[in-house]
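By written order: A, B, C, D and E. Residues from 1 in each chain.
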Amino acid sequence: MSDPILSAEGLTRIFRVRHKERMQDLHAVAGVDLALHAGQTLGIVGESGCGKTTLNRMLLMLDQPSAGTVRFRGRPCNTLDAAGKRAFRRAVQPVFQNPFSSLDPRMRVGRIIAEPLSTIPGLSRAEIDSRVAEVLEAVGLRATDARRFPNEFSGGQRQRIAIARAIASRPEVLMLDEPVSSQDISIRAQILNILKDLQEENGLACVFISHDLATVRFMADEVIVMYLGRPVERGTAEAICTRPAHPYTKALLAAALPPDPDAAPPELPPQGELPSPLDPPQGCPYHTRCPLRMEICASHRPAMLAASHGGVAACHLLEPEAAHVA
Amino acid sequence: QGDELIIALSTFSEETMVPWAGSGQRKTYLDLVYEYLTYIDPDTRETVPGLAESWEASEDGRRWTFHLREGVQFAGGHGEMTSADVAYSIERFIRDDSRAGPSSVLRRAIASVETPDERTVVVTLNTPDHELAQGYFGASQQLGIVSKAYFDAVGEAAAEADPIGTGPYRLERIASGSEIVMTLRDDVGDHWRARPEFSRVVFRVVPEESTRVAMLRTGEADIAPIGFDSIPTVRDAGLRIVSAPATWSPVVRFGGLVQTSQERYNPDAPWARREVRQALNYAVDKQEIIDALFQGEATIAASDTPVPAWESVEPYPYDPERARALLAEAGYPNGFDVTIRTFTTTPGAELPLMAEAVALYWQDIGVNVTIEPVDWPSLRSAWTEGRANDYVWTHRGFPFASAVNGLEAGFTASSLFASYTSPELEEMISAFSNEPDAARREALFTEIGQHLRDEAAAVFIALANEPYGVSDKVGDWDISTSYVWNFDQVGRAGN
Amino acid sequence: MQIPPAPLLEVRDLSVRLGAPDAPALIEGVNLSLRPGETLGLVGESGSGKTTLGMALMRLLPPLLDRGLSGQVIYDGRDVARMQPAELADIRGSEISMILQDPMASLNPVFSVGNQLKEGLRRHATAPGSLQERAIRALDDVRIPSPEARLASYPHQMSGGMRQRVVGAIALTRAPRLLIADEPTTSLDVTIQYQFLDLLKDLQARLGMAMLFITHDFGVVARMCDRVAVMYAGQIVEQGPVRDIFARPTHWYTRALLDSVPTVNTRLDRLPTIPGAPPTVAARPEGCRFHPRCANAQSRCRSAPPMQERRPGQSARCWFPLDSERTPA
Amino acid sequence: MVKVIATRTIEALIALLLMSIVIFLLSRLTGDPIALLLGDGATEADRQALARDLGLDRSLPAQYLGFLADVLRGDFGRSLTAGGQPALDLVLARLPASLSLAGVALVFTLVVGVLFGVAASIRRNGPVDVAARLVALVGQSVPSFWLGIVLMYVFAVKLGWLPTSGYGSWSHYVLPAATLGLFTLAAITRLVRSSMLEALGSEYIKLARVKGLPEAMVIWKHALANSLIPVITFMGTFFAVMITGAVIVETVFAWPGIGRLAYESILARDFPVVQAVVLVITALFILANLMVDVLYIVVDPRMRSRG
Amino acid sequence: MVQKILILRGARPKGPMPGMALWRQTGWPVRLALILLAVFMVAAIFGPWITPHDPMQGSLRARLVPPVWQEGGSWAHVFGTDRLGRDILSRLIAGARISLTVCVLAIAIAGTIGTAVGTIAGYFGGWTDRILMRLVDLALSFPVILLALLLGAIRGPSFANIIIVISLVLWSQYARMSRGETIKIRNEDYVDLARTSGLSDLRILWRHILPNIAPALIVIATLQVGIVIVLEASLSFLGVGVPPPAPSWGSMVADGRSYITSAWWLCMIPGIAILLTVMSVNLVGDALADRINPALRGRNL
């Protein structure tokens, strides 16, 4: 396999927050490893507050990791020089969740889309204009829309504009942080299709973040499941969605209610509440909610172990000696 | 309350209750408590006996003997007034920490104070003062007599809080910034001087003039100083105006005319030339200003000080033609530019307006005026420090406490407050101060006045009255002399 | 054969306009009925008027819209649409209650949970026990751990899931006979949503209440509802028993919506889509509201189709209804 | 809470220190009081003696440090003009009048403003709402000195219902408090009205209605509690507005307060008094803001945990 | 809610000609206010060419002439004359120019400083923010009127003083507000997106933050016009405002107050001019606020 475009090792982000009258550490992301290869889509799923956005921001160099490194084409991002940074900015572009706050309301669509191009030296006006028109058409809008303001567009159209903007500088990586979760069902499908088409046509690599396993299944090749800032399971999308190894993944699957009144009741329905990330449980972070928890879960954090589906999962149940205990 | 007289004043000044602890403005209320060695007859303007029954000065004007009145009792049973009290009052008044206006002059002047007996006080001076009795020791100044015994007994702080004097009233209370209440002494019946008709006199401080006028109209005040602007309002409301005649005089002053001082003379100013100063005097229609701004409560002035001796000096008439000619003669046919600095004080709220009026007239003869409002302390600093040599400003003159001192303060280079000097004038003043003969003095004094007028030492405008609005409750009230308000002798209407 | 019980709630020709009778309508010509103990799902995309309908049933619309309310809302024989404020205060909470969408915003931030809970309890005089006991019981009913301590908490001190359960507890304090739930789980995490839905089903069974369940998620409908009504652009376009709607939707919109939802079980290369976007209130098309986006639109669709029964209990607003079986994903 | 107060106090002290420097420098720049204090006919020697006497001959830093050391001992110096009374005493003597006036004005504006604002928000565009908006509009547009003079003219001179001025019985409070408070009244009315409208549209009000609470309770408990928070936020500002207004109102109505004292002592270049007044006012201001912070914590539970 | 309705009516919050749009969509009070403001602006801008008399020239002979509708008034002096016989209408017109100048300068200075401080504090946060905001608090806790008096005492009443003092009163509001708005906008995704496009902080501030807080700033500026006029009048009343003989409305009221019964027009006419102008400005400001940013409404002091 080729070298990854974007990779991360031991990526950790700790926020200092005031809690109960004192400053505390909040481990928003803890020890995430990942590698993104050209043309591949990496899905990241997890519940609210599990650190998906924080991870995304670090990968985008919008936030400094507290520990660990992000590498761009093998080079640590914090060592990039000005030219390297510019290359990074060109190559890695995001689309965020909220299409209303992603577009500056005081700028015309054309300028919004041209913004990533404005930092590329040596691009003429005409070139920029034609590129803007090109990408607008690529996302299903008209070239003439460049002259309008964002508030003249619906949510779905805005998200298309955001996508157009992201692909304007011909990036290699798209970072998609819940790009459809604020969209209506009928629009959601349109956007997902566009993203998928663009990815395939341009051989883009994508990081696709979502809390919804079904959309991840649709978009991603490989999936990382996160819980309280830590990856708990990783594998192909197919494996994760059909043969999950981690109880948390199973709970997520169970909670993703199928649109079928006669669907069988889930095997492991979710229980309990998400613990506060400010005092995460000892041992396995999921043990407070896990129906299969064992004694060891409360004291030892499981390592990433090979799972039967070919991926890995952080669960004591996967330990060889645990097999007979269970 | 028919028995109460309410006087709304624009300021209490320092609100302190001993004579030496502040300005003469406090005399409005202090004079109800303290009394003076001599008084002035409002009708004849003669000096009449006060706490001193009689007095005499030595030929050279350096040794003054006062014979005190007998049987004058301090309030609150603090005993009879004696020479010890007078001597104490004088000495305390000129002590280093005295804050009274004339204290520094007196400190320099007084060599010693002796009390040969209970009823006699002898004051020896370093420099001659032929007017000590009616001047610094008189009722228009600040030397109120306090009780030495009382001070010795209770100390200064307590005496300040509960001041004791020989006057007909005693302090009841001071509400800081609000009111000062005086009540009649129990033993007032046989007071040597006053026969007060109100058992309480309440002073209220009301800085805003329109509020004072409103109080007069609602009956919340019986007497209040008002501005000239308010005179029609007060009259319209059916109230009376009582004015103290010619207590101050608005004037336009020139800087840099202290010709006998290096630092304070500015020969380059256009007004360094006498013709220019005269022209500026001729240019102003003073009567119109008096009618319009002073509501007729003033007379045209030939000087910047209300002095009886100068009443005979002829003022400059309104003659713009003459003014233009003089200007041309002085080399300013097209006029020049000048800035008039102006400020307000009490009295003197009309000064800025007067400046604007003067400006209108000067503009007529080609003198271009810019008006710059300043405040009095800044101007006063600039003036006394010799930084005002190119200033022209509105000002107000007050009656002299003593002619000699007044002249020296105003017109000799030794004074920081000199506004105009010349070698000739200084000579005249020195001759005057060394002249013991009363008649000669009078003549010299008049001559000085004439000289100041001819030289146009300033632009003289008016001798202004001090108008008071007075309610129906008030009957006879005589304030014909400056600085003596006689609030303890206000009559009741119908009496 | 059992005679079906009389409807608890019957909505007839309900419209909500922006004030004046000729102003644009947010919802138009809505007919619904709900029997005791039954759950009716109301699905539709954003802006289709679901919340407006829910609020109209409780007469909680802002003044302008309340003035634009027409039609009848017969609850237990009385017309809610014509009730005076005093009567409304009477039936709110005790007869009809509601759980609002946003648990963060629906609790008053400055009062403790106990305070807000007891306010409702106090008006429910018939229940046994002291106020405190009843409050604790109410929290316990919605499975809040250590309810006694929680009474003193303020909303901001609780997680979203917990808050939503408190909102549930408050809505159910007076054992209403009808509960309107307006997207009660949209802002919750999926695992929390799952549990809350469970809880709601439980409580419903226990109290025997009827429920109008508003959502945009077909998965939730499938889990919760007996019948379902699909809203589009202010109208109900299809209505029927849940199984029938999922298996054999007759309206093209219902069908297209169901198809465009990705599922975990299968991997698709492309999702079937509906072109365009739902119209805004001001720009709703004439005729069939869906026809500009409909794959099968014909000229007839420019006139408004009536709501017509297609199968027993299932009716749709379409000139050319579908008749094929849908293969569920 | 304790921590909040502690940090705020420290910040306040720093602010006071800065303020003392500013005031000190400014007052020294205003020209010196000596010329005012000197009697007519004083000589250069007199001037120097007086300067030495008052400590005005030292360098500015020396003067400031001396001043600071004294202040720390609670000694603000003695008035240069008022017969050498301790400056702080003068200020404290005037403080009650100012505080009571500001207090009356604030209570009056709070009560009326909140009632008005709430009434206006209940029936938007109804008669009360129109009246409230008019009051708010006029209140924010009329210069207080003009208002004071006009009010005095109408109610004291023409109608004779109230005294024109002075300090004493309750009736003396009416006109000055109304003049001082009108601006604040307008502000509070606007604030309450707009935040009530916001609150009344909120989800928690819907929930309160869903519960079947009577409308009065919905408004006066649920909506108002939340609408008061922005009012509290602005209380500190109101206090500043009151101080500014005090200088004018106290002058117009002959009210013996510190606003007028400040004005007069500035005119008289009475530095120690100016310094004392400004520092006392600043301290009061900071105290008021501290109280606002505490009140905030009391009213808004969200603030309690945030700290 | 309001926005919802506006959108429904097809009116976008941001039209091409806000002035015209404002006119079309408001009731008569705001229209009246707009007309009054137009009159004010015309007076202020064209004052020197339209005054019937020289506002500084008078004649003591024609002093205290009552306004035309009163007995003794004449069309020569529609609003009468003052104590020095100067035409009040002319002085009102000249005063409008002064008020406008003070407003424009003070608001421009305060707005520039305040916005710079606020956006920098809001954008960079952390220590910069803390220090700058403490400074704002300090400015707020300073009894500004006393500062005005001190300054007046130091340098005499002057035009520059008023502008300094009024700017000192006003700037903190811009700072607070632009900080708040900046923080809001900084958290908008498009700012992050600008960063992922490689824009520098300064360019982001200039291209994204400033244009987006501008409407709110404009609203504040409008609402502050009223404050400036009232403040200037109050300072003039205390004798530290616009130096005479320049005809500031405030000093006209202050000078005329002794005549409230004998020549009421001296203080009532300029007083009413102040009242009407400020009311108009506030009405228009509110209307603007409603359109641009309803959240600002009622939050401005």
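Note that a residue touches a chain if its C-beta (ideal position, glycine included) is under 8 Å from a C-beta of that chain, and two chains touch if they have at least 3 such contacts.
If you want to know which protein each chain is, UniProt gives these names: A = Oligopeptide/dipeptide ABC transporter ATP-binding protein; C = ABC transporter ATP-binding protein; D, E = ABC transporter permease.
Predicted model, so just to flag it, every value in this text is computed and none were measured.
Student: In the touch network of chains, how many steps separate chain B from chain C on the shortest route?
Tutor: Counted as steps through touching chains, the separation is 2.
Student: Shortest hop count from chain A to chain C along touching chains?
Tutor: The least step count works out to 1.
Student: With chain centres defined as mean CA positions, report which chain is farthest from chain C.
Tutor: With centres defined by C-alpha atoms, farthest from chain C sits B.
Student: On a C-alpha centroid basis, what's the spacing between chain B and chain D (ABC transporter permease), in Å?
Tutor: Averaging C-alpha atoms per chain gives centres 38 Å apart.
Student: What is the distance in Å between the mean C-alpha positions of chain A and chain E (ABC transporter permease)?
Tutor: 50
Student: At what distance in angstrom does the C-alpha mean of chain E (ABC transporter permease) lie from that of chain B?
Tutor: Distance between chain centres, rounded to whole Å: 45 Å.
Student: So the centre of each chain is just the mean of its C-alpha atoms; given that, what is the distance between chain A and chain B in Å?
Tutor: So the centre of chain A lies 89 Å away from the centre of chain B.
Student: Got the chain B residues that touch at least 2 other chains?
Tutor: 210, 375, 377-378
Student: Give the residues of chain E (ABC transporter permease) touching no fewer than two other chains, as numbers and ranges.
Tutor: As it turns out, chain E (ABC transporter permease) has residues touching two or more other chains at 1, 153-154, 257, 260-261.
Student: Hey, what residues on chain A touch two or more of the other chains?
Tutor: As it turns out, chain A has no residue touching two or more other chains.
Student: Can you check the complex and tell me which residues of chain D (ABC transporter permease) touch chain C?
Tutor: These residues of chain D (ABC transporter permease) touch chain C: 124, 201-204, 206-215, 217, 221-222, 225-226, 229, 299-302, 305.
Student: Please output the residues of chain D (ABC transporter permease) touching chain B within their complex, sorted ascending.
Tutor: For this pair, the touching residues of chain D (ABC transporter permease) are 30-44, 46-47, 49, 53, 79, 81-85, 90, 93-94, 97, 149, 152-153, 156-157, 160, 163-167, 251-257, 260-261, 264, 267-269.
Student: Considering the complex alone, what residue numbers of chain A touch chain E (ABC transporter permease)?
Tutor: 57, 60-62, 85-86, 89-90, 92-94, 96-98, 101-107, 112, 115-116, 118-119, 149, 151-152, 162, 165, 169
Student: Would you mind writing out the residues of chain B in touch with chain E (ABC transporter permease) in their complex?
Tutor: Residues 209-210, 213, 227, 229-230, 232-233, 236-237, 285, 288-289, 291-293, 344, 352-353, 356-357, 359-360, 363, 371-375, 377-378 of chain B touch chain E (ABC transporter permease) in their complex.
Student: Using the touch rule from the top, collect the residues of chain D (ABC transporter permease) that touch chain E (ABC transporter permease) in their complex.
Tutor: 11, 15, 18-19, 22, 26-27, 29-31, 137-138, 140-146, 149-150, 153, 157, 187, 190-191, 193-195, 201, 230, 234, 236-237, 240-241, 243-244, 247-248, 251, 262-263, 266-267, 269, 274, 277-278, 281-282, 285-286, 289
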